[in-house]
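I have a structure I would like to understand better, so I am pasting it below and will then ask my questions one at a time.
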Amino acid sequence: MNYQLNNIPERVVKPRDYGLTMAMDKGLSVREVEDLISTSSDYIDIVKLGWATSYVTPNLDQKLKVYRDAGIPVYFGGTLFEAFIIRNQFDDYRRALDRFGMELAEVSDGSIDLPHDEKCEYIRQLAQQVTVLSEVGSKDVEKIIPPYKWIGLMQTELDAGAWKVIGEARESGNVGLFRSSGEVRSGLVEEILTKIPFEKIIWEAPQKEQQVWFVKLLGANVNLGNISPHEVIPLETVRLGLRGDTFSHFLNNNHK
Amino acid sequence: MNYQLNNIPERVVKPRDYGLTMAMDKGLSVREVEDLISTSSDYIDIVKLGWATSYVTPNLDQKLKVYRDAGIPVYFGGTLFEAFIIRNQFDDYRRALDRFGMELAEVSDGSIDLPHDEKCEYIRQLAQQVTVLSEVGSKDVEKIIPPYKWIGLMQTELDAGAWKVIGEARESGNVGLFRSSGEVRSGLVEEILTKIPFEKIIWEAPQKEQQVWFVKLLGANVNLGNISPHEVIPLETVRLGLRGDTFSHFLNNNHK
Amino acid sequence: MNYQLNNIPERVVKPRDYGLTMAMDKGLSVREVEDLISTSSDYIDIVKLGWATSYVTPNLDQKLKVYRDAGIPVYFGGTLFEAFIIRNQFDDYRRALDRFGMELAEVSDGSIDLPHDEKCEYIRQLAQQVTVLSEVGSKDVEKIIPPYKWIGLMQTELDAGAWKVIGEARESGNVGLFRSSGEVRSGLVEEILTKIPFEKIIWEAPQKEQQVWFVKLLGANVNLGNISPHEVIPLETVRLGLRGDTFSHFLNNNHK
């Protein structure tokens, strides 16, 4: 760090199994990726190419190479998986993962109806090819899943071979884990945490207030996702108690 | 495209007369323009230098050259036209268009009171010099224009020589076509479309929900404007049914 | 300017004592700083590295050099000062200022409880080392300071040696000078201005509506802060009456 400050919460360092920041790239240029890496490569663990933006991204190979050279694994958003599934093109999806040398893949059902045993079968199959992230929660504001079902879905998907499970929020942060106002469904989160280890969950939390809420609940090393590239540095200060929002929190408490 | 997905809505390809994306540049650096072109030159048809930002932009010639070399026509926002008109400097405006080699110009009256026959006379005169876009709708939230008047204004301006008419929304998307909440004035849009061909209208739609609404109503090849540079790639996925918002729409329907 | 427009409000030119734009850098890459300077060096007077983002910013020396070479002074956000104070590391803070060759420093108490005479003592001490900006107002939405107290605090801090006083708003613009909706506490601002010269105050005003409000009240040369890098050019047009929001204002009035 650039100067010595005492009593800063300890951050697990990369490569790490928790304390993850997953950033969302929804169409950055190659040079913008280089810029992001120059400021944030110590803080970003994985990058998602949002939903199916990879379909229309030129120079995809070149962009993936820049991330790869920085040691940051990249994956295609779950909506792309669903776009292949709904078209009965699962084999094409597997070939696309190979073609671009992807190390990770996301399995989700936010925009399609997919029987849960089929979803788990996809997790099982893909886990033989890549590291799998699976996502729970609908993109549809009207589909409210009760807490005990979230827990059941998450546990089954981890058992099927998912490395981590992701709690859905979209880019906007107003579905799934959150009310349409963006407010956290705190009872849901707390009930999930009674059953699923916090290290296994990546919480999508694109809004600052959401990030603050999770850091206050789970400490500096909570896994957070859907972080906008220009918010990675600000998030790191929130984790360390160096922004107004969490400034007092870490001075009065001992947290992981 | 980077991989094969079946049943993707067909996009008209550039150069095209409809299916246009108009991006708004409100002060990008030359290098940021290069970045934008590297990711989005296939998707952007025209660029507006927002309102009168061109007045305070350094290196304007250099920036225009980068767009020109990429084959993307640029125009000055309508507020600049109005700034010249209110000062009785129309001839200076025409000279500025020449000086910078502009191929397009916008005629609007969002911030000034301009008798409609005078506005149409400006359209006629400028149409001899450049391709004219004319804009209908006020930037003033209190000025509500009834649908039959929108239709009359649009038709007269097209008759006067405008290539396309633009429906006003501002950078924020909360006036003109939209309520102050950002919600589309859907009755207005639908009534306009009974009289004016959809190919002749560019809808300013800076917010994602607005873009989704228009794509659902008019298909992948609707003309949309005031798109933020970093939202061009996301918009292209909305057009193609590859984002959650329009994912199911194109699977169940046949649209233009 | 790129073309001649008559009757544009006169802007004080750099280096200037008022009419200041303070931009907030919350983690720009070196190349993004170069881009910002290429478009906005005539318009930005000072840059704040937001709160304690400097702690986690790589290549800090290199970044500071780019700003310095452009003649733009930079300072660390007040939250960093507070982070040192709460840890009893004031001497370390002074050393950090020296180590990085900072010309400016901010003294604030937005996140800590600091007796006002102690705050003024810090201002006095730091004023011997650097140019001091002091900030009034809490980051806590629940702490409402009545106008007469704002005036007293501001006057005492100027007397203690602050070059300018800053009115708090945060990055989001919803505390201090503003209600949680972002609306200006206009009575507060007007009462402050009966006692403190407008040249001595930098108003944090991150939202466009807030900037417009201040420009309408105090003219093109009001000091405004917490401006996002991509909003510097738009703000300059607001100052000059070249955006819809202030378009009519300068045509009907004579303002400083």
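Chains: A, B and C, in written order; residue numbering restarts at 1 for each.
Keep in mind that, in the parts below, a contact is a pair of C-beta atoms (placed from the backbone, for glycine too) under 8 Å apart; a residue touches a chain by one contact, two chains touch by 3 or more.
A quick map from chain label to UniProt name: A, B, C = Phosphosulfolactate synthase.
Everything quoted here is computed from the prediction, not taken from an experiment.
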{"item": "Contact graph of the chains (line, ring, star, complete, other)", "value": "complete"}
{"item": "Same vs different contact residues, chain A with chain B, by half of numbers used", "value": "different"}
{"item": "Turn needed to bring chain B onto chain C - CA fit, degrees, nearest 5", "value": "120"}
{"item": "Chain centre separation (chain A, chain B; CA means) in Å", "value": "34"}
{"item": "In chain A, residues with contacts to at least two other chains", "value": "31"}
{"item": "Residues of chain A touching chain B in the complex", "value": "26-32, 50-60, 79-80, 82-84, 86-87, 89, 92, 95-96, 99-100, 110-112, 139, 170, 172"}
{"item": "Chain B residues within the chain A interface of the complex", "value": "1-7, 31, 34-36, 38-40, 42-43, 208, 230, 232-234, 236-237, 240, 242-244, 247-248, 251"}
